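Each structure below appears as structure tokens.
Presented sequentially are two complexes of chain A, the first with chain B as partner and the second with chain C.
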Partner chain A sequence: MARTKHSYVIVIGCGRLGSFLANTLSKTGHSVVVIDINPNAFSALAAEAFSGFTVEGDATELAVLKQAKMDKADVVIGATHDENVNIMAAQIARSRFRVHKVLVRIEDPNKESYCKAVGIDYICPTALTAEKMMTALNDIR
Partner chain B sequence: MKGNKVLIVDDEKNIRMTISQALADMDVETHSAVNGEEALAMLKDADFGLVLLDLRMPGMDGMEVLARLREDRPDIRVIIITAHGTIDCAVDAMKLGAVDFIQKPFTPDEIRHLVSKVIARETLEAEKNADYDSCLELAKRCVAERHFKAAAEHARKAIARDASRPEAFNFLGALCDVQEEKLEAQKHYRAALSLDPTYKPAQFNLSRSIGTKPDTGHGILFGEKGE
Partner chain C sequence: MYFLAKAFLSKGYNITVINRKKEECSWLARQLKATVVLGNATDPEVLRESGISGMDAVLAVTPNDEDNLVICQLSKLSFGVLRTLALVNDPDNEDVFRELGVTTAFSTTRMISALIEQRAGFEDIIGVFSVAEGKVNVTEVMLTETAPVVGKSLMEINLPSDSLIGCILRAGEPVIPRGGTTLYAGDRVVAITLPENHGAVLKLLTGGDI
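For the complex of A and B:
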């Protein structure tokens, strides 16, 4: 993100993670579009920080991704609670729209290998938490 | 266009901020208005050259602002901001000389490119040896001045320069559409498509004209280079 001053970023999902990322990215000068199926979710976007756009719709539908102008996106982030939605949207972003940087949240560590195979960058909070816990347990021993 | 003073008229703070940020690096001075009433008041007092106008606003909407602007200040250029899936009034906007549209969401590059193009268009001169693209830009400027016949003339000149490109045919079709000459419009769209069956603006305009496709935020597409 540091190399491009004003990236066009699409954030899928406007929950705690998605809205936090959208607010932060928008505040730092990036052009942000947030997609969520539930329009009430957009209330989590901070009025003083967020200067991007919102698109209401299902991010697994091509028409919604086109509406968000995914073809122009520099970065796509899958941040919904449903990792299948994140992965599917990310795959469309990679294969159909040739988005340079695609990053998703996945909960199931078993899906890491799949993400690796299709070239999607991922963060797995479950694996990260487990790792930290194991480290903490080792300290106790 | 008198100066490089730009007025952004949108009830959404997000959009006003996005556009101001996008234009910050350009040689333009941006001001914002949150509704139609404020916009008209500001336009009376200051010498703006360009207005970016949202069509959908509470109270006085963008169409009314545009209509009043055309009566009082026909010299001011207007870029219409549309939302996805809304359009009926975009055709009316074009009748009032608004030929440049941008659909939300847009990237900073898109807005900068369009603003530069509209500003650059003002300095174009109708030279005898103007190239295809210049002829088309001149045609668009004539639409902004509501000189539809002159616009058609420039589009035909573009065709005389290069009869193998679809843009000018599509443009002529759009002009006919605006003047409610539907059959003539369809003829031009088909001519554009016979030259390039993949040319999306003509595909879209023809589908909309014959009623097979619902309107979207584009209204009539005048077509851009590379579309």
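For the complex of A and C:
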């Protein structure tokens, strides 16, 4: 993505992670659309940083994804607090809208092999944090 | 869910119910001769502990489409369950779920609205189907003696804009109508409508109330 200057990125979920990503991506010149079921969440988008669009709706609803013009998206990021929403929306992005790059956040490390099986890229903060902590603990010893 | 489990039990199936609410679980365990598991069914560990890999079928009937999808996919991909069935809220998700490997997906919304359309009122309507994801409806209507359009030409009937009578089947023969074509009782009229004028066109063709 660093090379393609103007990617069209859809961020699903406008919580801490989603809004941070949306602000950062928008500031660095990408076209960003943020989807959230709660319109109040969009207040986390910084006026000076974010120049993209917002869509209010449930990201597991096909009509909402169409409204966000998912067929034009280069990247879809699932960043809601509900990993199942992220996983479902990402799979629709892949299979329906032929989105090249999909990335989701999952909380449960037990779902890593499932995500691999359905072919979506994931990041599991729980596993990453645990790994870092284990390393830190080993360093102390 | 209780009645669903009860119906299957009475047919002699062995049932395991997974539910994430503790009070509901203890109630279900008292009421049903079923194995009741307390937990989140989208958690692979909960599915494993429920003995999912030996099951003939999995029914995912939570109120959340995303949870039902994950339950079905986990059962199939991680535990080798061959038949997976899911309830969906959004009718569009019936196709989406099938594309993503769920054996059968039912939309209660679609089933109920289809039942209502068929049963309530419009008995003259023979068939309805939608194209372009529901943006266009194609409806076949049998004109009765009492239909307000009978005896009038297409020019006279004031069809709403953005709607069209595409074809008339008269005595088994198709007629492609023009403005001067007159409609008769017994004609089977194929109307092409948009959701916003669908009701008005049907009212015109059947005389019925929506």
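Just so it is clear, the second predicted complex is superposed on the first by the 141 of 141 C-alpha atoms of A that agree within 3 Å, B and C clash if a C-alpha of one lies under 4 Å from a C-alpha of the other, contacts with A are read in each partner's own complex, and residues count from 1 in each chain.
The working rule: a contact is a pair of C-beta atoms (placed from the backbone, for glycine too) under 8 Å apart; a residue touches a chain by one contact, two chains touch by 3 or more.
The structure presented is a predicted model; accordingly, all values stated were derived computationally and were not measured.
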- Could you say whether A:Y122 touches chain B, chain C, both of them, or neither, answering first, second, both or neither? neither
- Touching partner for A:H6 - first (chain B), second (chain C), both, neither: first
- Message: Looking at A:F97 after the superposition, I want to know if it touches chain B, chain C, both of them or none. Which is it: first, second, both, neither?
- Response: neither
- Message: Quick check on the superposed pair: does A:I87 touch chain B, chain C, both, or neither? Answer first, second, both or neither.
- Response: second
- Note on the structure: Per residue count on chain A, the busier partner among chain B and chain C is C
- Message: Just checking: does A:K69 make contact with chain B only, chain C only, both, or neither of them? Give me first, second, both or neither.
- Response: first
- Task: Would you sort A:G29 into first (chain B), second (chain C), both or neither based on which partner it touches?
- Result: first
- Query: Can you list the residues of chain A that meet both chain B and chain C?
  - Reply: none
- Please give the residue numbers of chain A that touch chain C in the complex, ascending. 60-63, 82, 84-85, 87-89, 91-92, 95-96, 108, 110-111, 113-114, 117-118
- Task: Flag every residue of chain A that touches chain B in the complex, lowest number first.
- Result: 6, 8, 29, 31, 33, 47, 50-53, 55, 67-69, 72
- Item | chain A partner contacts - residues on chain B that touch it in the complex | 13-15, 17-18, 21-22, 84, 104-110
- Item | Footprint of chain A on chain C - complex, ascending | 42-45, 64-67, 69-70, 73-74, 77-78, 90, 92-93, 96, 99-100
